[in-house]
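Chains: A, B, C, D and E, in written order; residue numbering restarts at 1 for each.
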Amino acid sequence: MDFSLSPQDWTVIGLSLKVSLVAVATMLPIAFALAWILARWRFPGKLLLDALVHLPLVVPPVVTGWLLLLLFGINGPIGSRLDQWFGVTLLFRWTGAALAAAIMAMPLMVRAMRLSIESVDLRLEQAAQTLGASPLRRFLSISLPLSLPGIFAGAMLGFARSIGEFGATITFVSDIPGETRTLPIAIYAALQVPGAEAAVSRFAIISVLLSLGALLISEILARRATRGRMSYVL
Amino acid sequence: MDFSLSPQDWTVIGLSLKVSLVAVATMLPIAFALAWILARWRFPGKLLLDALVHLPLVVPPVVTGWLLLLLFGINGPIGSRLDQWFGVTLLFRWTGAALAAAIMAMPLMVRAMRLSIESVDLRLEQAAQTLGASPLRRFLSISLPLSLPGIFAGAMLGFARSIGEFGATITFVSDIPGETRTLPIAIYAALQVPGAEAAVSRFAIISVLLSLGALLISEILARRATRGRMSYVL
Amino acid sequence: QERGPLLLAAASMQEAMTAAADAWAARGHPRPVLSFAGSSALARQIRAGAPADLFLSADEDWMDDVEKAGFVMRGTRADLAGNRLVLVRPANRRVSLRIGRNMPIARALGRGRLAMANPDSVPAGKYGKAALTALGVWPSVAGKIARADNVRAALALVERGATPLGIVYATDARAGNGVAIVGAFPPGSHPPIRYPLARLTGSRHRDAEGFRRFLLSSAGRAILARYGFSAP
Amino acid sequence: MSFDLRLRRRLGGRTIALDCVADARLIALIGPSGVGKTSILNMVAGLLRPDEGHVRIGGDTLFDSASGIDRPAEDRHAGYLFQDLRLFPHMRVDRNLRYGRRPDGALSEDDVLAFLGIGHLLHRMPSTLSGGEAQRVAIGRALLSAPRFLLMDEPLSGVDRARREEILRLIERVRDELRLPILYVTHDLHEAERLADRIVEMPDG
Amino acid sequence: MSFDLRLRRRLGGRTIALDCVADARLIALIGPSGVGKTSILNMVAGLLRPDEGHVRIGGDTLFDSASGIDRPAEDRHAGYLFQDLRLFPHMRVDRNLRYGRRPDGALSEDDVLAFLGIGHLLHRMPSTLSGGEAQRVAIGRALLSAPRFLLMDEPLSGVDRARREEILRLIERVRDELRLPILYVTHDLHEAERLADRIVEMPDG
């Protein structure tokens, strides 16, 4: 297989990275907030919120893209306001691709974080409280670091999902070389041509390598963050 | 919106449920074994296995479907043997759809379970060991029940993902009414017909309702399974 | 009740083939089983040994590919239908543009984009690019394309007002509720659009050949015409 | 009155109650296992809400069901040594010790480290500590939080004889020099008699 | 020889070692906090691998680095009361108690429940137990596992005076009637003197 990459290929890779990183970075705090609410709060509409968070997982990506188009399109309820007030449009922009990737990654990120938050021992937060720690400090010094495994897992899942996101992206922001042509979109285009298996494989391998790198980084970070904590006298 | 369902609609719903349930049920033990290995074992190729597990998340679904086609096609390395030895083919069969759904759900299931397994306190397993419990009994009575939150979360994520799976399914087993036409594929078909927004919305809402049901069940089971365990003196 | 032969057909043929299958069943034959997906996916499934009887492709390249791989039964390949390429706009937006050489399409687009299927890979996009090139306007719009993964997605972009113009098949624009046709591309501006039909070597169904002939008969072609397809 | 406690709370089918007004520097709370000693400390600390009653310590009203006062735990400035220690598993010993430190702490860190004999453990993670080491670190954390009063739940359990004496002397110093009111749970009558100027026996309810 | 222990293990920069051959029914292990008492019990139980040495109890060789014997913990039939208890958090008290029960148990369940005073707790989850209640349940779980010998890490910590006496009597019965070898960690010299026929003081290394 020929592995020399053209300048266009590099553009695709760079764009994929940019879109995925921005998607994960933006979604991280939102997903954590959602995970926190779902893990800790009790309120009437909770199951509904939970369902809403899962929505992008359940509904086929193309439909999600189509809903994004309805909401964020020029005439959509959000898109028209973004345009009027800020002169911003997400349509056909890499920011739109990042939005689509973030939405698709959300359920995975929330679930992983929620699992970790739920396994934090509340008695430790009580101890911090008697030591005078404000809710914010308790959060930053106890809950947040103790849920790091879930945060790393969530970020990793979200990044992998973003790198692989296709259906919602192409439906929402189409395939604009240099702007929204991410790896999966390039792969799909190659799949439409008979005999382009080599190009497909090349891009697929690049996707895998990118995620392998992310996996490696997240594992290292997670190990560093939890080092010592679990070393029982074995 | 007209919500009366035709017999074909019911077939689609029943098939989607069958495919998703079989996918989750089959993948559950496999995913748990993988999660266990990734959480507990240490071996040279571990990161590679980890990457392999994430693969279906990273690679666009259509590529996964294509790889399944290569592997399980009549001339594929697995498909040809299945055919020779058992006279079984997955092509164009609901079993193939279930396979595709299971593969796509795998990374989500493994990650959730792994998070839970990693948070099981090893000292409890040691205690069980001194009480004479064999590895199997330790697993069944300690590790397994203590990782139930992750198992439920994983099953739920997997089910939701299966209900929404489209790209790999249509690429691998196509769209055969009554055999492989699941909800997302029916949605896709409806999207091809001008002005079928009503049908699309109807199917999308059904998908959401199915997952809402699954969510409800998994939350109830999870709550029942962990009841009492977390009730610190608050 | 017996299952009919299995027809793999391009997604854009969904309505027409459903009607044709119904008509064939009405003549007392077992109803054919229809499977719709993108032509590329279907061609790959055939090459993987999928047990199907007939293949109706939206794209000659993919039929060539399947034929070269030896999956087409000799002497059964024939063009079933043709189609035309049209320029569409959102129904609620006026565009004054006449299709012709050096038409001011770039100006009509303004800051907007032209929605079409991927001009490098998807058939509808390839035809569209050929037509725009023949009319001498491709260079002026090449940087303004919104490439969709199939014709329907391009149509959806126009329907939603995301782009002021789009290129789709006449059959897509016909019933699309949110779009209006600006004009049709002259037939000479692009290679003829053909939908080849063939029986596959793995076909065992005794009714497959009958259904194939029915589709190619005048009764079959009449059904296709009802859905906007032209003669090949 | 350094202590004015009147607490009542139903918990799992039984009622836990305490009535105690005393101008004592150190009250020892004794009573059979399960009678509710830890629950009383939790109520005083603000971690368990009494069904009714009040908590006044050193003239400060921390809780009063009648007037609706309920100061959150973080504003009560309790130095609470938990029966189950609750060291933060993700922080080294030094960060655990410093977690509650306020600028107006009357006890010097060096003093506390020396008395408790934990100076050599500062860079260890809690999971590597022995039982008695963890116990002493937890005592240190409570003392270093510049508390207004102390809640100590069996502070000497797991501590060896030699250390025991030093820790007792440290507690006496806190009681006498810093004059911090102390609520002290123990099962050891000797300990109670040595330290307390008031022993409250919680009756088996 | 009921006990023939020779253990050596490096742990976090120090060496933990014990040499002890004795035909005692109950050995009390005493020594300052952090000296390695819990680590010794873990080595005898098979949870911590000695760097070298051997473990023979009642004639059974459980570990011998020279001949490569290392019986897994589940085959050593230790009745181990952990310093940190380790009750199974997802099982009610009764399931915790029955977890290690073997058909050849010499102690009757009723006896143990009565002596420990935990009959009323059978349907509770461990997280709702008080400190002393949890301690007694953990003792019960170790006793009911039909052990060949007992490892008890500060069994009376957190137990109130009244129960203390009963539990001490129960341990004496186990020692005298069932003749189970017992390795007993405590900080209380009285306890050690009352129970042990051999007191081993681990020196501060």
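We adopt the following convention: a contact is a pair of C-beta atoms (placed from the backbone, for glycine too) under 8 Å apart; a residue touches a chain by one contact, two chains touch by 3 or more.
Composition by chain, UniProt nomenclature: A, B = Molybdenum transport system permease; D, E = Molybdate ABC transporter ATP-binding protein.
What you see is a predicted model; the values in this text were computed from it and never measured.
Undergrad: Enter the minimum step count from subunit A to subunit B; a value of 1 means the two chains touch.
TA: 1
Undergrad: Would you indicate which pair of chains has the most C-beta pairs in contact?
TA: Chains A-B share more contact pairs than any other pair.
Undergrad: Please identify the chain with the largest separation between its CA centroid and the CA centroid of subunit E.
TA: So the farthest one, by centre of C-alpha atoms, is C.
Undergrad: List the centre-to-centre spacing of subunit D and subunit E in whole Å, with centres computed as mean CA coordinates.
TA: Taking the mean C-alpha position of each chain, the two centres sit 29 Å apart.
Undergrad: With chain centres taken as the means of their Cα atoms, state the distance from subunit A to subunit E in Å.
TA: The separation of the two C-alpha centroids amounts to 50 Å.
Undergrad: How big is the gap, in whole Å, between where the Cα atoms of subunit C centre and where those of subunit D centre?
TA: A distance of 79 Å separates the two centres.
Undergrad: What residues in subunit C touch two or more of the other chains?
TA: 156
Undergrad: Identify all positions of subunit A at which a residue touches two or more other chains, and write them in rising order.
TA: 66, 123, 126, 188, 191, 230, 232-234
Undergrad: When you check subunit E against every other chain, which residues touch at least two of them?
TA: In subunit E, 38, 47, 84, 128 touch at least two other chains.
Undergrad: Flag every residue of subunit C that touches subunit B in the complex, lowest number first.
TA: Those in contact with subunit B are residues 6, 8, 11-12, 14-15, 33-37, 41-42, 44-45, 47-52, 152, 155-156, 172, 174-177.
Undergrad: Name, in rising order, each residue of subunit E that touches subunit B in their complex.
TA: Listed in rising order, the residues are 45-47, 72-80, 82, 84, 86, 88-90, 99-100, 102, 125, 127-128, 141, 145.
Undergrad: Going by the contact rule at the top, pick out the subunit B residues touching subunit E in the complex.
TA: 123-124, 126-134, 141-142, 145-146, 226, 228-233
Undergrad: Show which residues of subunit B lie in contact with subunit C when the two form their complex.
TA: 62, 65-66, 69-70, 72-76, 79, 89, 91-92, 170-172, 174-177, 188-189, 191-195
Undergrad: Which of the residues in subunit D end up touching subunit E in this complex?
TA: Contact set of subunit D toward subunit E: 12, 30-34, 37-38, 83-84, 124, 128-133, 135-136, 153-154, 157-164, 187, 189.
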